[in-house]
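There are structures below to look over.
Consider the two complexes below, in which chain A is the common component and chain B and chain C are the respective partners.
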Partner chain A sequence: MTVTAAPQAALSVLPRADGSAKYSHAGYTVTASVNGPIEAQRRDEHAYEAHVDVIVRPAAGVGGTRERHLESILQSSLTQIILVKNFPRSLIQIVLQIEATPENDYVNTKLVQASLNFSIMPALFQTAILALLSAAVPMRATATASVVAVVPETKSKKLVVDPSPRELEAAQSVHVLAFTSQGELLLAESEGDFTVEEWDEVYETAEDVCCKSETSKSDVDMMLDDDDDDAGPADMHQFIRSTLEDKVAADLHWK
Partner chain B sequence: MPREAEPSLNEKQFILQALQENLRLDGRQLDQYRPLELTFGDEYGVAQVSLGKTKVFAKASAEVTVPYTDRPLDGVFTIMTELSPMASPAFEVNRPNETEVLLSRLLEKTVRRSGALDTESLCLVAGQKCWSVRVDVHVLSHDGNVIDASCLAVVAALRHFRKSDTSMEGGVLTVYTPAEREPVPLGWLHSPFCVTWSFFGDEGETAVLDATRAEEQIRVGSCTISLNRHGEICQIAKLGGTPVEAVALLQCTSLALTKVKEFSTVLDRKLAEDSKRRDKSGRAAELTAENDR
Partner chain C sequence: MAASPPTLSFPRPTFAKLSPHPYLLAGLAAPDSASRSNGRAPHEARPIHIHTSSLSHAHGSALVRSGDTTVVCGVRGEILPVTSIPQYRPTTSYNTAEEERSAGLGRGELRDYDLLVPNIELATGCAPQFLPGVPPTTLAQTLSTRVYSLLHSCKIVDPAAVRIWYHPSKVLSAGDEDEKVDDDDDNDGDNGDEEERRTKPQLMAYWVLYIDLLFVSLDGNPFDAAWAAVLAALRDTKLPEARWDPDLETVVCESKKAPMALQITGVPVACTAAVFLEKEHAELGGKQKKNRHWILLDPDRLEAELCQEVVTVVVDCEDGSGETRIKSIEKQGGTVIGRELMRGFVGVAEQRWKEVRKML
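Showing the complex of A and B:
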């Protein structure tokens, strides 16, 4: 199976939802829909803020504990950036439907009890952000996530961004980090054995993937940015931005 | 959860009067489907069907399990339908509503009970090991006629699906990974499709195919006919609603057959295109471990 290197995204793919997006990168394809602000159920109603509901649905099998874990991580980090105080007593519902995950040709997987791992987090996160933007939900900032695995090699260790299933098997630790558009750390989740030095390296790698352009050339004029677009997006944040710019340009074509 | 908004009185009257004059809001004939799109994913067993604004995604998967004790020679075959709030905010997670129950019942009757999949061929060791094939149906966008779209997606996904090859040698069962041996298709016997008629008018005299959501909300009754391209009827479901003349139902059934034949040719063509796309080196015939039935 061929895995496309560059991420691909489409906005407003579902006609009935308030906002939706489809995103595929590193073998993962996720479709998201956002409805909101809508009426909340009594048990989800907060007097002063909107409740953010995240539902992760695997392509095959029913969601289990792992999915609930990912949902809770996503929910807490998205609540941070959505302006929830603007919509008291309402609900912002984000449904993430996984459509494809990279397959490991060397093992027979058990599929009926679906289980997800951290490597899908960036795809889920980016799709959720794109769908929120498409639904015009007011947000403090946009954010992007990336996953980095520490894979042991003979005598040394190497950092792998967007690890494949085989690399994940060999990995000592897997880290998910998300950064806002201002370059602030929003989410840091890790699993496995690692040292503080390794984590620092992981942090720098992930920051490069998410928001390289913000940190390195914050005061460079727009002319340079335009040159970069020909070579493809430099980082995830740039990618989200260019996807949205393309969509706006296409929608306002009539003007 | 918000309830589904009902069409206003004016909207209802407008649609009904138009239908009486043999007109539909989207300019279709009464017995015409919306443009059908069928695409397969990169993996085996992934099919996406869209009928106008209705989008359904189905994924087939298989694993080795223990067969049921009362059916030691049969494999396990399940169809899972769960409507998420993605299709419409009116659907709740983990609380099946009527649409969902009817959809899963109809798919069960059409695909599973009609014997479309040969479950005996899924048996590996009698009473001990068998394949469990499962299809997950995800409705991405609900704009009417989810039943027909889901049925087509399920059949397409199952016919596109390949399960891992196995061998039995000296009482030892080996399941080969996709890297070792090319996966094999399922034992497929016939392809049933659903065709849903919606009835309008006081006596249910206007019959309409492929109703949109607005039309579904104001219809007086519906009838789902499942049949294959040989005209063998798997099931007919007319659940309540206004009674319809028997002669009209017979006409509906014969028209349904022509539609099913169209679906069948579209599916065959798409499957052939897809296998051609996969078979770039032209060596699929050599790699396959499949025997002729």
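Showing the complex of A and C:
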């Protein structure tokens, strides 16, 4: 299966939703819609803040326990970056529809799988952020996520960003880390077998993928000029930024 | 404020109920010694009590108590013949574990055939928010996904321990000579391939381990208790010796022999903490005055409700090299715990590991 190297995204793809986005990267394609702030159901209503409702729909079948877990992770992370205090007693609904996932040709894929699926989390996370931006939901920061696998090789280990299903299977440990645009660690999920030192290396790699330009502010301007045409953007944060800039430029074209 | 008479005071439970956040903060911000509303220090976990083999009908069971969180875990083995597995792909027998590892890449039998089936039930009334007659809550579903994933990623159950083999050669050599001659007569025209097929050990069935957890009461920190119960129950599991009977064409269990203990590798222990922030409604980000925080180990229900950010680290120090192996990190819901704090927290988890290891 061919996997496009650079991520692709489109904003406001759904006409009826307040905001929407479609994102594909590393074999995953996800479409998200965001509606909000809308009226909350009585049981979800919170007196001081908006309730963030995340729904993850798998590519085939109905959601199971795994989707509930993904939802709860996304919900707790997104609640942190959306200004929920601005919308008391209301609801912000985020629906994430998975459209395509990379297949592993070596094994029989089961439709219902209960184990965690780390490799899809960055796609879900980025799509949700893009859709929230498209819906103009006020946020205190944006955030980006990346997945890193530690794959054993003969006598050494190598870190693989956005691993393929085959690499995931061989991996000793898999890590998902999300950083806010201020460079703070928002989410960290790891499984497998690793040490603190390995986690540190993974942290640095993931930080590079998510927000390299934040840590080295000086060359941001240079990158902005360069990246429009050639190669991919420097990092995920930069990618989200340039996607939005393109959209704004296209929308204001008539001026 | 000035208008209220200075004599107005509430008993502690009323204060806790009316304004839980300032109540917890009052104890933690005390200048001399920070203490939580439950009397513990911030880095003090509740002692854990583990009682095994309390269920008579399960192959292994454990009851774990940590403060007011009580969970019962029962492990029951059921035999799954390979003929009932859809998309089953035969396994050859391996002589060494090393050989198996090199051949077994991508052959996660435990995962492919769902040989470990954890299920978590939060009993009605274990905490006030659990009402009767509702579908499984998000918490129950999330917990069972986490337990399932950890069971597989830790590899604590060896696939070799749940396989049931049929060794034709052993049966033949054990039986008397007449029988062997009889057998040969039946298959007069068999070639070498057929011979090999008949003498090669064949995998006939698997043990499926149903791991059921029931929360009797829940006072915060369900995952640590659930995982400790799963670990203790699996270590307590004794499966009867099963063999394939070629005459009956079924798997039979030896009732005479004592059941064999299930082989469990490693002792991973979960350690959870919640981050309590000084300002309840503070904005995120570094612009304002620093928001003080406390990391509360093993949070109870009151604390868990007030904390957004939760971190769970699963460590295993059993390895002889003395190096701590981390099995899982889960951190979500906030930005307080960064790289340095996470490193420090692994140290806290190592301490917790020693405490729990002693009780197992």
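Just so we're on the same page, the second predicted complex is superposed on the first by the 236 of 255 C-alpha atoms of A that agree within 3 Å, B and C clash if a C-alpha of one lies under 4 Å from a C-alpha of the other, contacts with A are read in each partner's own complex, and residues count from 1 in each chain.
Criterion: a residue touches a chain if its C-beta (ideal position, glycine included) is under 8 Å from a C-beta of that chain, and two chains touch if they have at least 3 such contacts.
Predicted, not measured: the structure shown is a model, and the values here were computed from it.
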Three-chain arrangement built on chain A, chain B and chain C clash or fit: fit
First (chain B), second (chain C), both or neither touched by A:196: second
Contacts of A:10 with chain B and chain C, given as first, second, both or neither: neither
Touched partner set for A:185, first chain B, second chain C, both or neither: second
A:244 touches, of chain B and chain C: first, second, both or neither? neither
Which superposed partner A:41 touches (first chain B, second chain C, both, neither): first
Partner chain(s) touched by A:160 [first = chain B, second = chain C, both, neither]: neither
Partner touching more residues of chain A, whether chain B or chain C: C
Partner chain in contact with A:81 - chain B first, chain C second, else both or neither: second
Smallest distance from any CA atom of chain C to any CA atom of chain B, in Å, after fitting: 6
Touching both chain B and chain C, residues of chain A: 106-108, 110
Chain C to chain A touching residues, read off their complex: 87, 105-106, 108, 111-112, 138, 141-142, 144-146, 148-150, 152-154, 281, 283-286, 308, 310, 323-335, 337-339, 342-343, 346
Contact footprint of chain C on chain A as seen in their complex: 48, 65-66, 68-69, 71-73, 76-77, 79-81, 85, 106-108, 110, 114-116, 140-141, 166, 169-170, 175, 180, 182, 184-196, 199-200, 203
In the complex with chain A, residue positions of chain B that touch it: 1-2, 41-43, 46, 53, 55, 57, 59, 61-65, 80, 82, 84-89, 93, 132, 134, 136, 138, 140-143, 164, 175, 177-179
Touching residues (chain side chain A, partner chain B) in the complex: 1-2, 14-17, 29, 31, 33, 35, 38-39, 41, 55, 57, 59-62, 93, 95, 97, 99-100, 103, 105-112
